[in-house]
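To keep things simple, chains are lettered A, B, C and D as they appear, and every chain counts its residues starting from 1.
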């Protein structure tokens, strides 16, 4: 498959829209587990990205630059926990896109692998800590394994998103160990981790975007 | 919840604008980054820079504590969200006089990552030496065995005060870090929440408690605490808070301490003094000497109802720092 | 409403107890009357005594303003109720150094009667000369034609500051009264209420406002204001408040003023700075110079939500008093 | 009729009980017009008087001293507006009781006249200002006129209390002019003035006390 710079920007725009829709839900999850701002933070960050998409990035065709600026913009706008995490994701992923205005299967796979590895390195959380890593690590493993066999990004990413969803859902039954809710104990049970949810939503939005692009 | 604001997404910008206009002789906004504020007078040559910061919504913390004897600069995040590396980095560059900069901030995942990235960049880009002290005073936020995981809450005031005083007295970076770290190690806080706050953007209460309930150990951002229970008289609440502190950090007869009874937002001074009264009774019964007291809203959670008690053990060195004068827009000590 | 108290009928006693224990170097309770507090250091020989007071529930006013450069003594009433003559009289005797004493208090029926009786007794029993300045800054509380009927609210801070500074600088009683009266005449306040407070003894909200309502001109004790309306953005609220002030007390281009944006209890510093930002915009547009700004909760109504804007015109004499340093438990200025 | 020192104290005790019962109602009125504390203030003041009745005044038979100490105790306990007002009432009234352990019709009449005149002098309010004066002034006038004709305190006081009640009720239709609610304007209409209410209650309690004494 091929993803153009324009389509990459469509993906980012779709995340912007999706986050506005999910903002309240993400805050709701964070109110139960943390300080209640995850939806707000994501919204502030993605709105800033949106401005860049309509501004500095309007004519940009280098996918690497698009990804780097997305990360930097997001980070500058929000800080917070997810600022460094998602920003590191986009900035590390950017290396796979550097100088490219069209992305092939391999590039896309490399992007997401670097994206997730970057977040892991930045946050140092582990599976089971009840963070976005519970979404991202299974996705990473599935993506790598599938792609190795199939060399087909779309199908590999499709199963990665399924693995991500399962990972996200597994956070419901976990005790918090990282971040603001680590002392919650039993009371953290039953609620999905907000970062695990937003991470799934981002992956899922990417999938939906490339699928619709594929069809069109 | 009703708020006197304009655009909910612009509250931090407008607050900073008002703040800087109110105290032009004390603080200025950096041209390089509007979320970085530094003292209006340039940091003294040869002095270690003291940088604080964190999410907004805790005023007077953190912006209120920039000034003589306290911090040289502050990086201001969104409400309840760590500032990104940029303002931290810009403030660092602005206050460094070649003697290095100490970062004092609360131990939250976000702050650790953002201040950590800024410290790296300060070193890489400008060769500025940065020392960091992460405040971990909240007893309720992790068991003693995992003390280093604890959050920073009101006790950050004392750690900032000690760092600020030591830097003002001409200590070098290593020594400022050493005494600030000691202040943190000697500081414990326990809080109680009564009524929630709400983020301007959502307007939703951060948590729910029944009309007769309180929550022990509730976090500074409305993070759920360790125990919900029926609201008790102030004395019993204080007994519980002080007991948890003293169990975690035993204090010997004859030792000196500083005490902070801190309001979280909508709790009145009247209530805080009633609480202080009990803290004083308990400590004087145990033969612990209160060297200096602070009662008021020093670190809030927007309009949250509730309070915390902070106790800092003081050796001679720390006592002198606590007594050191300060002149900040929201905190002055002679 | 939930409060961190013990016995609702003992809140004032316990508050005072805590307060005095927290600041033993600043204040002491008189043996003659537990509701009379004076500075811990004796009032300087030859200095006019400055006495303030009123109902409790307004902390930091009034107990918080005893100290160098401010008041020498305070008489503490029950919540929202003037103190009786006894503590006023005892405090008067304790702080008189033969140069007389000035009473600065808000113009409420109760305070007028109680301070009036105390002044008479001070003269009759001890031959102490007493001058009185009744604070009448609340524009909303009576039309301009009946200015002398107006209540005193946050502006009392400035009148106290001026009286305290003048006395500290060695002015005699007549002159202290003169400048304090001038400060009052040059001071106007307009407030807005958003959410009620409740007396500890009744627990009932002092008034009711819908979730989208505000009340302009609401009194400092929850007395109904002059106009209920839909809650507006901060800038519009400030425009209204400042406009009412400037209509009542025109200020010329080039004049200097002091500004106080005061929180009534549960309104956050963030909101107060957002409001101050607008006050500054309006005044600077009109070419009025803000000589000094105060933003914070200087005079509260328990946990009421809302804020007020106070503007004091400053001539050279008043400006110097406003700049005079002060050292009180709840207010320090360098 | 005769009223003994013991019966005077019974009256004061009855006021204590009555105020506890009416406390919430008086606060309710004051919340509408003022700062909401009138019931609380009256309660604090009368509880302090109650302590004196059980203490220093236990053996006291000089009605003048009882009345003076009632006034002083009330004032020291509450301050407020009503402290000086009611205290002045009791202290001025005391002159009619001085040195007496038994009170005759004339003494009782003189007491209430001085009581009310004292309050008027202290507060300088006028009829129509929506204060306790609207209760007290009609009572005063009725008491003086009736007593002049009949020389009978009980019957004269009975009509005085009726006049007081009417006066109290008239405050409902008045605009506030004094005290905390003077700027309320139209919004002060419809609510009885709290001080007008408590003043009526005190007069009425006195009437009930001397009637029950008479019967016994």
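Note that a contact is a pair of C-beta atoms (placed from the backbone, for glycine too) under 8 Å apart; a residue touches a chain by one contact, two chains touch by 3 or more.
Per UniProt, the chains are A, B, C, D = Dihydroxyacetone kinase-like protein.
Being a predicted model, the structure only gives us computed values, none of them experimental.
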### Query
Apart from chain B, which chains are still tied to one another through touching, counting links that pass through other chains?
A | C, D
### Query
Roughly how far is chain C from chain D, going centre to centre by Cα mean, in whole Å?
32
### Between chain C and chain B, distance of the C-alpha-averaged centres to the nearest whole Å
29
### Query
If you average the CA atoms of chain A and of chain D, how far apart do the two points sit, in angstrom?
75
### Message
Between chain A and chain C, what distance separates the C-alpha centroids? Give it in angstrom.
### Response
54
### Message
Is the chain-to-chain touch network here best called a line, a ring, a star, complete, or other?
### Response
line
### Task
Just spell out which pairs of chains touch, all of them.
A-B, B-C, C-D
#### Entry: chain B - residues contacting chain A, complex
9, 55, 77-86, 108-110, 113-114, 117, 140-142, 149, 151, 199, 201-202, 204, 206-207, 217, 219, 221-226
### Task
Flag every residue of chain C that touches chain B in the complex, lowest number first.
2-7, 11-12, 14-19, 21-23, 56-57, 59-60, 64, 192, 194-195, 211-212, 214, 231, 233-235, 237, 265-278, 280, 293, 295-297, 300, 302-303, 305-307, 327, 330, 332-334
### Task
Please name which positions on chain D make contact with chain C in the complex.
24, 27-28, 31-37, 39-41, 43-44, 75-85, 122-123, 178-185, 187-188
